[in-house]
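Please read through the structure below; I'll follow up with questions.
For clarity, chains are labelled A, B, C and D in written order, and residue numbers in each chain start from 1.
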Amino acid sequence: MAHDAGVSGSHWHVEVTDLLVTAQGPAGTPTPIVRDLSFGIARGEVLALIGESGSGKTTAGLSLLGYARPGCRIAGGCVRVGTTDVLALRRSQLADFRGANVSYIAQSAAAAFNPAQRLLSQVIEPALIHRLMPRREAEEKARELFRALALPDPVRIGERYPHQVSGGQLQRVMAAMALITDPELVVLDEPSTALDVTTQVEVLRAFKRVVRDLRTTALYISHDLAVVAQIADRIVVMHDGAAQETGTTGTILDDAQHPYTRSLLAAAAPRGVPETTDPPMPPLLEVTNLTAGYGHRRALIPVLHGVSFTIAPGRVLGVIGESGCGKSTLARVVAGLLPQASGQVLLDGQSLPARVEERTRDHLRAVQIVFQSADTALNPARRIGPILARPLRFYHGMRGITARRRVAELLDMVRLPRAVADRFPDELSGGQKQRINLARALAAEPRLLLCDEVTSALDTVVGAAVLDLLAELRRELGLAMMFISHDLSTVRAICDDIMILYAGQRVELGSRAALRQLPRHPYTDLLLSSVPQLRPGWLDEVGSVHLREASGEPSLDDGVRPCAFFRRCALRIEGVCDRATPPLRHLSKGGMILCHRDEAELSRVEACETVDLASDAPTIHGCE
Amino acid sequence: MSDDILPTLPGGTAPSVDLPAASRRSLLSMAMAGGLITAGGLALPAEAATAPKRGGKLTVAGYASSTKDTLDPAHASNSTDYSRLFMFYNGLTVFDRHLNALPDLAESVETKDAKNWVVKLRKGITFHDGSPFTSADVVFSLARHKDPATSSVVRPIALQMQEIKAAGPHEVRITLTGPNSELPSLLAIYQMVIVKDGTKDFSKGIGTGPFVVKEFNPGVRSIAVRNPNYFHHGKPYLDEVTFFGITDNAARANALLSGDIDIASGITPLATRQIKAAKGFAVLNTAAGNYTDLIMHLDAPMTGNPDFVLAMKYLQDRERIRDSVFLGYATIGNDQPIAPSNPYYDASLPQRPLDLEKAKFHLKKAGMLGSKVRLVSSVAATGSPDMAVILQDTARKIGFDIQIDRVPANGYWSNYWLKAPFTYGNINPRPTANILLTLFFQSTAPWNESHFKNPTFDKLLIASRAETDLAKRKQMYAEMQKLIRDDAGIGIPVFISDLDAYSTRVKGFYPIPTGDLMGFNFAQNVWVDG
Amino acid sequence: MNHDTPRGRRRARPSPVALAAGTVVVACFALAVFGPVLAPHAEGTIVSRNIFAPMSAAFPLGTDYLGRDMLSRVLYGARFTIGVALPATLLASGTGTLLGMLAAVRGRTLDAVLSRAMDTLISLPTLIFSLVVVAALGSSITVLVLTAAVIYTPGSYRIARSVAVDLSATDFVKAARARGEGGLAIMLGEILPNMVMPVLTDFGLRFVFIVLLLSSLSFLGLGIQPPYSDWGGMVRENIEGLSAGAPAVIVPAVAIAILTVSVNLLIDNLPGRGSRHRGA
Amino acid sequence: MADAIALLAAGRRRFAAPPLAVLVLRRIAVSLLLLFAVSVLVFAGTEMLPGDVAQMILGQGATPQALAGLRAALHLNEPAWLRYLHWLWGLLHGNAGHSLVNGMSIATLVGRRLVNSLWLALFTTVVTVPLALTVGITAAIWRGTAYDRVVNMLTIATVSVPEFLFATVAVLIFAVRLRWLPALSLVMRGASFAELLRAYALPVATLSLAIFAQMARMTRAALVNTLSSSYVEMAVLKGVRPVRLVLRHALPNALGPVANAVALSLSFLLGGVVIVETVFSYPGLAKLMVDAVSTRDMPLVQACAMIFCTAYLLLVLVADIIALLANPRLRHR
């Protein structure tokens, strides 16, 4: 099937020239989403395609499989993989080509796996439908790949269904599916973006190992320079469907020419507002020993266990942790959307009623929540004007012209043109939506803003801009905030204090400054060390502090609540961490942690980050 | 069709005109004189002169079918029930095509005074289960109609028989409450057929009839097979009759045309076109005197006004009704219930015409011109919705507004008929004019539709029963017809024919004017050829 | 994943199909209103002794089983077809949607009760249900409309509920609740505007079903009562003219087909379809 | 088609549900509850009907005392709730009582008819379901194409043809004109298979027309939904060909809603076929119930209603179980 394209003159193993992909615009006119894009990949090389979402990088990646999403079509250019002129292939030839010669790893493995089939059968399917090897052999190969990708229980994991496997594992299983046919090219589309940082490191390492070992040629699509820096040999920077700059990873990172690339780098670089140490004030929000969860009173599935913290007026508390650690739940409890099971929420020293229905207008007005995804947080059926006017009328009884004027002011406040007022949400970009989302909260003139992952759905640059906006607003309006995120760097950017949650436990709480110093809670340490850095080779340097995938919650029997982190903890003490409730330790650096190890031990260990990975039972040595 | 809900009192019109009055009188007086009607069996009709063939099966569809289907004579209330009764049972007497009540299970029916009757029974007849037929069975069969617990449809008639007692195994004596020379006709009523003494479960249909029950499934079908020892020699001609109801008119006609059935009873005038167009099919037209009448309560505010009543009668466009509603399968009526085919019919009574002027005049007189009135109609009363539309249309011409309120057939007879002051009824043929008048026009009649109360009429009615002189009787009937035509709140525009459609391979199929399907007695009289 | 370049506009201009279908629908509704005015003959007047007459200059659509002018009948019929089907459908969809939203928003007990009640209704065969109701209450227009509405409410309830349940889980509803909005405000302000498409789609089908239900009822003699008649009823009352190929049967049948098909084509091709929560 | 979203949504919400057995038991419990509700509803409904069976049996000729006697004999004088309890009690002991009209036991009356109805339903299912699914699936695969649009049009068009019209046309053509098929479907016992086919051809065709469209549209809707999922896109990128794509990847996930769609349509085949049973005078249950209503034979009406309701609930139950089985999240946890 692979017929000679006659372009094998060039030294590239994969070559894309003047690619043009158009989308069917609403008015019926085709609009280009990828324009005269050209690049080549040498055999065994990993090329990174980097850019914001909407930059057309995924579209470009898919065109390597001769595939265009519904509504799009590959309108021009040439795509050559090995000796195959992909765009010249007919339907049936394409079917033979896809999966065999080029394979694809999608962003969300959870969505990309068929929920109704066992993993193994899905993994070996490409090998079978392309008749590359008999079933038994394919299964054997799959198991090897599982092993190579450091998946737990490689022999039996294939018998599971997608919903029975964690996200990080699924992503690796998908890699196995992509590699089982030894394709000439693997297209990885943001394969680690959806994962928690700590998991991401694992996945990245696994990918890197197999790619290196199998000398796979790969196209790595991502928006995250830091990640790309670890894996790619060369980088193509895309923007508005066109390549802006191409170069080796080193050159791109060190002396980027194109302004757009620079802005990317700038956005990725860690930033921070000056430390503010205002005089201690009576707390605006005080949360004490909060326990909350889902399900009925009796059969409560707790998500938060005895969390306590305070936020002073005008201060910003950052709350970080992996997905499912209960940080969003915390916001919902404070907002009154989810009544707590026990514990108190105090506003200005008086306790807030648990249910939103019982709160007074003032309570409601004072505490506003900004949801993560602007896409779903704005009613698609209503125009921006009314969306913003609603809280004005609801809280301040504003109508007509006054309301309209106020809406305009709000739009100014979030740096949006006033004309936006009569658009519909899905006529706006993600960033714009998030600003509207913010403006709606500000309309209430709150004193406390609950920001739930407000930037995580956005691209780096856009997100950075929103962060800056928040910082300004805080300065201008003296807003207090609870800033929830899974991403340390963003939290660092604007928070005074930082609280770290793990499995619903507040494992550490301290000032931003304090968090930079040792000792830290082992989980905090893991979290910090997992954040990719803009240095090639960082991935190889960072010694893995992971032992196993976390599996399930620790047993909660009669009041005793052992350390939730002990299963993954490098420093755990068998028989202690998993039995007794960890004590609350106030550290000399300031702040507090929840750990069985005392300050001395922790500082000693963390001073030299060497942990033996080999042995299953972790023993800490050196530094005696 | 009304039959499935309206309980029918049995019968047909009195002896038809083509029977010389003389022979009638002689026959009757003979009986009076103690002579006897000999068991001549059934006279073969002229067109059936060709020798009947034995054997063959017949599939017949009536128009009524429901779980109400029954083989209990006391509860039979529609055409399909009646037809079944005659498959499995016999009466003491039976109507021939001229409506003479001839002896059937009876050998003779004798009287001297029209009050005390002696019925001699045929001997050697056995029921389907082999048990012999005796006077006990007769007494049981007739007496049970009088018992309220039986809730018999013909109880009012049975009550005329004051005493019914056996005199020996093959003789029954019947004493009437008052003289009634028409007892032989009464005994020919289908509900009066003879069942086995003491029968409780009628679903087996144990009778003396021409056929034996092979299958009886209410609302589905019945299959009747030849009774090998039927007492009428040579009968029945058919080996088997499958009989069921198809309630949908179009479906019934189509079933015939597609050859699925051999006879379809009660077809609509519309269907006759289609059937006549097709080869190998014919339509049997039975003028039994069925009529759909306009009812005006004489004691209600509006309809009570005699001028209004007259106006409505003058507004009847009888020809148009005959032609467009019944496509000609009807005979013009004169607002009185006795059909032209009836010997008591008074031809000298002037026909009331369609007269808009008179109608207008009477309405003015009643001061109702320009006012509105609500007329209730329903398919339950055959053709009444269309008759209503025509009346409405005619009335509009003189600026009188009739609002038609058509109600579903379901529940019509219990909720509207006899209740609504201005509505339609549908009356099935009765065996004798006397029964008809008694049931519908006597002041005390259970179904006095228009609340017609007239002492003169009542006297005439009673007297006519005992009156044995035909001429005198005719005179009485003439007077009664005039009274009804002029004073009753009843408008009878036409008499509707019963229409059966049949495949021409069915022979010996002729009208007996007590109703469709040869007065419901087709089963033992028809045969198939080819 | 979300673009940082604005999405395509939501409202494209209507497709030719939509326009065509729309015109037909409007025409039908116009007939329902002005039919009687346009009709050459009054309802139920018998204009010819010739029944089941073919199309002719005098009677453009022929005559029916009584010799009435079919053109006039059909013109009047529009009123009884649409005049019953439309309010019934509106009622059914309206109630269904409202209850569906209530169930979704108020949740738990009310939801359980309503859903069970609806299931009970669904489980009863429609025709027989109508038979009982009409037999009990008579077949006035009101009764017909109400019966049809009751029969088809559960269906639209199911759809409305499922859509509303999804919607009430969205952030913008959460946001409204966090703001302290009342249940009604949330239902009308936040949820309802997003249910338009699925509800409309469902509306189209229900409309067809109800028109059909009418004709089925007239088959059992429970439909609109003569001299008036809906199109389905006309098909029924003239069915015996079918063998003769009388237009009296065919014309109203075609009328029904045209109406129902165009209603659905219109809805399926409405501009603005394809915004989220579309009806499959 | 919109019904499908309901079903799809329902499917989605089930993910967080307890294990299969529990769910099934719960559904059964609910079904029983519904049955009870229906029994009350039916009883109440029949109470509303004007006129009573005594009237119907005796007709106008009935003298008051005759009526009274019969009413007493039929226990019509007892208060409604008492009669209801009697009936329910009987029902629970598998005794549906006797017909008020002809005294036959309800069981025997209903029994034969039920068998007939089931046969008709079965034949129709065998014919319609595969057809509808094929059309629905193909339309989903080629969604947006001319074929899809044509199917869409046709399905609506077929829905909008009155059943009795189609039936009559079919009879006129195939029974009256061509004489290929019988106009009646009274199947005699011990009929040969060929006869059986001929007898059932027309009613089955009519019924198929009635339910085909709905089924096809909902199947399409359900499938379109899964076909636009990203695991199907993934399969395409693996090089899976269309047929396998639909059968292996899309269909299993659309099974729940499709099953539900089919169940909804089939539930029509017992109670909804009055017209077909009338036109072809097929002795089925629906016609029986209509008769029962018009003769005010309440025990019969109630028995039929309960059967219809039970049938519906069974179908839905089966569909739900299929949906649950098709969803590994519930099978394996």
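The rule is short, and it goes like this: a contact is a pair of C-beta atoms (placed from the backbone, for glycine too) under 8 Å apart; a residue touches a chain by one contact, two chains touch by 3 or more.
The model shown is predicted, which means the values in this text are computed figures rather than measured ones.
Distances from each chain's CA mean to the overall CA mean are smallest for chain D.
The chain pair with more C-beta contacts between its two chains, of C-D and A-D, is C-D. With centres taken as mean Cα positions, chain D sits 22 Å from chain C. Taking each chain's centre as the average of its CA atoms, chain A and chain C sit 48 Å apart. Centres computed as Cα averages put chain B at a distance of 42 Å from chain D. The set of chain B residues that touch two or more partner chains comprises 250, 410-411. Within chain D, the positions touching two or more other chains are listed as 49-50, 168, 172, 176, 278, 293-294.
In chain A, no residue reaches two or more other chains under the touch definition. Residues of chain D touching chain B in their complex: 49-51, 55-63, 65-66, 69-70, 73, 99, 101-102, 104, 109, 112-113, 168, 171-172, 175-176, 179, 182-184, 186, 278-281, 283, 287-288, 291-295, 297, 300. Across the complex, chain C meets chain D through its residues 116-117, 119-120, 122-129, 131-133, 135-137, 155, 158-159, 161-163, 165-166, 198, 201-202, 205, 208-209, 211-212, 215-216, 219-220, 232, 235-236, 239, 242-243, 249, 253, 256-257, 259-261, 264-265, 268, 279-280. Residue ranges on chain D touching chain A, taken from their complex, read 228-231, 233-241, 244, 248-249, 252-253, 326-329, 332-333.
Of all the residues in chain D, the ones that touch chain C in their complex are 1-10, 12-13, 30, 33-34, 37-38, 41-42, 45-46, 48-50, 152-153, 156-157, 159-165, 168-169, 172, 176, 221-222, 224-225, 267-268, 270-272, 274-275, 278, 286, 289-290, 293-294, 304-305, 308-309, 312-313, 316.
Within the complex formed with chain A, the residues of chain C that make contact are 1-10, 12, 170-172, 174-175, 177-181, 189-190, 193-194, 196, 275-276.
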